[in-house]
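The chains carry the letters A, B, C and D, assigned in the order they are written, with residues numbered from 1 in each.
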Amino acid sequence: MNAIDGTSRQLKDTEDQTLDDTPSLLSIIIDAHVPSWEEIKSQISISEAVASILVFINAHLALHNSNSVNVIGYNASGARILYPPKSGVESTRSKEREERSESVSDGEQAPSKKDHSMYRQFKTVDEVVQTELWNMLNHTNYVEEEKQHNSAISGALSLALGFINKHVFVDESRMRARILLLTVGHKNETIQYIPTMNCIFAAQKLKIPVDVCKLGPGSDQVFLQQACDSTHGIYMDISEKNSKTPKGLVQYLLSGFISDPSLRPHIVLPTQSNVDFRAACFLTKQVVDIGYVCSVCLCIMSQIPSNRRCPTCDTTYSEKTLAGLGRKPLKKKKKKVVKP
Amino acid sequence: MPKATRGVLIECDPSIKALIVNIDSSQHNIILDELDDTHLMIHPSMVEVVKQKLNKMLAENTYNPNEEAAKATGK
Amino acid sequence: MDDSDDDYIENISGDEYQGAPRRSRRNQAPKGAGGSVENMKMANGGYSWEDEYHRSWDVVQEDEGGSLAGSVAGLVEARKKRHIKDATPFQRGIIRNLILVLDFSFAMKESDLRPNRYQFVINHAIEFVTNFFDQNPISQLGILGMRNGQAISISTLGSNPNDHINALTAAKKLEPQGDPSLQNALEMARGLLFHVPSHCTKEVLVVLGALLSADPGDIHVTIDKLVIDKVRARVIGLAAQVAICKELCVKTNFGDASYYGVVLNEQHFQELMDEATTPLAESQQSQSANPASLVLMGFPSKVSEAAPSLSASDAALTQGGYVCPQCKVKVSSLPTVCPCCGLTLILSTHLARSYHHLFPLAPFIEVPCKNAHKSEFCAGCQSKFPVVARDAKNIQADGSMTSRYECPTCHSHFCIDCDVFCHEILHNCIGCQARSYSLYQVVVTKHKDAAPSLKLVMKRPDPDGEESSRPVKVRVVNDNEGPAWNEGGQAPTWGE
Amino acid sequence: MTSQFKNSINDYLEGLPEAVLTRLYQSPATCLAVFRLLPALARTLIMGMIFNPDPIAVADVDALVKPSSQRLKLETQKKLRLLHIFTETQAHIIINPTFKKNLRAALVGGDQNISFGVPCDTEDKHKVDVAFLDAHAVSQWEMILHFMVGTSIGRTPSDGVLNLLKHSGLMEPERGGLRITNAGFQFLLQDVNAQIWTLLLQYLNMSEYLQMDPVDVLNFIFMLGSLELGQDYSLSALSETQKHMLEDLRDYGIVYQRKASSRRFYPTRLATTLTSETAALRTASQSMEAATQDTISSSVAADSGFIILETNFRLYAYTESPLQIAVLNLFVNLKTRFANMVTGQINRDSVRFALSNGITAEQIITYLSVHAHPRMKGMEHVLPPTVVDQIKLWQLEMDRIRATDGYLFSEFKNFDEYKDVSTYAKELGVLLYENPGKRKFVSTLAGSQQIVEFVKRRNQKHRSSAN
């Protein structure tokens, strides 16, 4: 009878939060780097993969009435949002209806047109994603692509985070958000270090888990592993060396990556055994356990540079400060305890 | 030999109990026994009186910023 | 907007009455920025109470349709704009050692800050600890209190945010009492910072509620000692300006008074605290004081174990952790100093987290009306911009009614939300990233069995789209003449 | 709100026999809708299984769920068993093949199935647009609500509707007319979506009396939720039962048919949002957009929230709908009416009036929070806690004291005596209250006689043993 006060209500509210399944926004980032897909053509073709991804998107939408998706594609020349289309959902429907009437006249237009046998919400998303992705794949210059090895993963992540920020945090919609990065992992792929790290920190700060599904035969992407580790996401490498094949992509996606962030505290996630956080020396490219770090620009070196200048920011180090470091670095730091 | 007294057991908040005690304080003809903070034993014939007085007191003690308006609608 | 440099100097040199250092890149606050700092400083430079009274409803103007939607949106935007900070690249002291000194004296019982000064400051200090370590992962923090004329230690210099937060939570129960002693607190801070190596910064942040200091000796001597020890002080006053605090700030910051701020309201306090989380820009004098150096650091590897084992850092059994590469002792959390051999242990990601201080994202520029038609959607979140007529004349001169902000590098247009997000959280320009070129391109070379090494190559596309490589210049503030390019002959370049 | 209908429909489904359920699962649209009603863990489990050709091992499921969440797992499994989606053998869990096949079909598409409705392939000569459908839905639905509130707007709903209202106990016959019941008042406080579900569930119950096939009825309801607004659908794919249903649904405003003999029908927004919560989950900027675009000028749109409640109990409601105002009038002392809003105050009298009508404090609070203005929804507590507490207190105040007739037993000789007697009273089940410290207890009126006799017996026994 006397139990009405603020504290008890608050407790109840938070309890509800955990039990209640809030809808979630899934941001899927798809690798649209054509040469990479060519490389694993024997295992899975891009159209098969896209079909699997679409099923996965549908599955995500099926989980909750208000779930939504955001699809981003990236290749060597950049990243862009494939879904939702710019003009918002309302006009897509009308556009799509136009398209449909067009396609009737044109005969066959999109690769696979699913008529009324599909749930309306799924159909809208699938069609837009498919068309846009196909546009993206067709409009890229293959020759150029071959040459360029830098990837716009950082761009795609930035877009995803920006989108989530706007639609979840600025709009204060009660949604959870997560990112799934589907990468083929070209073996010569280069990732922009600082922007990617910035993305990871932003995701960490906003508590957005970043899941990574890697298909290609290339070695593990250390950055992406770090991304998963620091944002509590799932990292899965679906390649032959883990005796997995991208053929069953849809099954891997549905069993590994479907779990909603709200459910994750309750289930055992596939864990990464060891994430490499060690650094490499800027000068010798050697992996270092113990290294020298420039106090100005934080570059890592395994030895004191011969000319006493930092190789990256060109700061000159004074003789005096280096003298202390010249010896085998076992000097114990003095810890002074000062009594008030 | 234990004593059995006929009465009405009242279960209420401590605040309401205080009010009943207050009502009783003028004539001491209501309360038979104060059992604890939330229980009282009162005279069987006085139940309706208590309820009435209580309602009146509660209404008096309710803060109503627009007394007039509320009266006007007469709900 | 292009003269943001001059703007900055102006603020350093003059305006001592304003108390608050002004870092906003906008000269004039848009009208009616709703209780913001700028509101207090009126155009004529006088006090706010000397100015004509502004009625909030005078600010709002209806458009032709009689709708307020436009004005309301403008006000909302103006509020968000305040967050945009100065972003000229400075050389900064990245490895910091900061002592936070909180006032626990009688003056903190005042309730002009809700619920009272004491609770308010502690709550914000807890937030500050989180932000500080978020921004400065390889730095150290210690907390002191001033109470009963003594300096009391709340938490010692350390890099684990939880230790500090727990200490502060425990300190909430202390009743503020007695007089504060600035001198005792500064002396204690000086002692704590004594052993700090020269390549790190030594800083003191004082939050002072009282207007007095009950000192046992001559505080001027202490201030001189701080100067000799190269400790830099920043003071946030809760009541009014105190001469000794100003002297402290001016002397320890090479004549710069902008490190002393007196709060106007709750929000302003938050802003002043946030300012202290950004690493200090290194001036030439301070640079000579803290010569660049190499620091020995260990990069431990993560281990996962089936059974818990003893962790040296918190003297308890823990499952998994990191192994110090030098003495092989296990610690449970990073960054930390190895309790056994004293080596600084960090992850390479911690270093990466400080990079955005070194390479800040250039501020976005408000798009003038004549260019507004170029874009229809935000390049970040794809939300639709308000349509602006090309010959719109009725647009107020001060506010950006186009609601578009342009990245100076990739010329993409962004909405205010994405602008704030890019600068505050992401530190990337979404447009530059999505187009796969950026100001600083870091080329990563793979290595067989370790994290890739990185090499930074500067790329800056010219306005007409062509890309040209130019080295980065790290700017150093001259104390008297204002900012200047580091003209020491060879500009520092990234890469070989 | 939504969880209420979720629970009730779940309960209904769980009560169905396996054969009926399996027949139900033959429609992909139904599978999808049922799937969404399941708890989160169940959905994740099923997703992992539907593309897996082999049955999943029980051990795998056990390993998937953290030991700390075992309770959740057991509840989930029980639910899935009841719905006959899972069959468990010794070592494996087998998913209902019909369910599996059709949920897959829903996700993948491709197969020709008619569960998502068959659009008309011919052009409609009398084509209607979305705005018309919205207007139609609102006018039909509000007519029912107005009828219930009693603010008659000239038209009375059809007999089918009146029957349903009577059958569901929302209204009761009284002197030739119908009178709203307490359940009816509660119904009014629900949001539109929940109201429709309440009616549809009642319809489902009623259909059994009318000897309609529940599978057909459910399939049709779930199908409606997956239709596209503004699209016309052909009647040809519907069964006889469903065609019959269509007539009733037309009266509720859920579908639109130009005339009864028409061969096509249009779902309205009431239908297409049946299985979605978009209205309830509208974000601030979206509703701004909706307001500026002004495509939906109905109470359906206004549902997104129009009430501002201040800590001083003043209430501002941005609405001009007479219906909303009538509903508010149930528990608010309305004062002023402006062109686009009404102001009023919640006070003791107005709440007591509502309480005396059978509306509970909980319902008032839920109504207010569901219809809270988006600006209020952004806050930590949607409603001011003081007001919420006060409304609850007012409800308690209605019943501040509980009075029970009885006998007070006191002045026991010693604790043993007290204990024996009170234990006896407890065993009899007549003990109302006891205070061992004071050695007093209260028994019911009826029990007192027995206790008195027990005391006498006990005393005699003691006396004799003492002698």
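Here is the rule we go by: a contact is a pair of C-beta atoms (placed from the backbone, for glycine too) under 8 Å apart; a residue touches a chain by one contact, two chains touch by 3 or more.
Keep in mind that this is a model prediction, so the values were computed, not measured.
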Which chain has its C-alpha centroid at the greatest distance from the C-alpha centroid of chain C?
B
Tell me which of B-D and A-C has more C-beta pairs in contact.
A-C
Nearest to the mean of all protein Cα atoms is the Cα centre of chain A
Centroid spacing, where centroids are CA-atom means, of chain A and chain B in whole angstrom:
66
Euclidean distance of C-alpha centroids - chain C vs chain D, Å:
50
Give, as an integer number of Å, the spacing between the C-alpha centres of chain D and chain B.
38
On a C-alpha centroid basis, what's the spacing between chain A and chain C, in Å?
28
Expected list for chain D, residues touching two or more other chains, is 285
Chain B: which residues touch two or more other chains?
13
Where chain A touches two or more other chains simultaneously, the residues are 1, 167, 170
Hey, which residues of chain D end up touching chain A in the complex?
3, 28-29, 32, 35-36, 39-41, 43-44, 47-48, 50-52, 63-66, 68-69, 72, 105-114, 116-119, 226-228, 275-278, 281, 283-286, 377-378, 381, 385, 388-389, 392-393, 396
Touching chain A in the complex, chain C uses residues 91, 94-95, 134, 150-153, 156, 184, 188, 191-192, 194-195, 198-200, 291-304, 325-326, 337, 341-343, 347-349, 351-356, 358-359, 376-378, 380-384, 415, 417-418, 421-422, 425-430, 433-436, 438, 440-447, 449-456, 474, 490, 492-496
Can you check the complex and tell me which residues of chain A touch chain D?
1, 4-6, 9, 20-21, 23, 55, 58-59, 62-66, 114, 116-123, 126, 167, 170-174, 250-251, 254-255, 258-260, 262-263, 265-268
So, in the complex, the side of chain B touching chain D is made of residues 1-13, 16, 20, 32-33, 35-36, 39, 41, 44, 47, 50-51, 54, 58-59, 62, 64-66, 69-70, 73, 75
In the complex, the residues of chain A that touch chain C are 76-81, 84, 86-88, 150, 152, 154-159, 161-163, 165-167, 170, 190-195, 197-202, 205-206, 219, 222-223, 226, 230, 273-282, 285, 287-298, 300-301, 304, 310-318, 320-322, 325, 329-338, 340
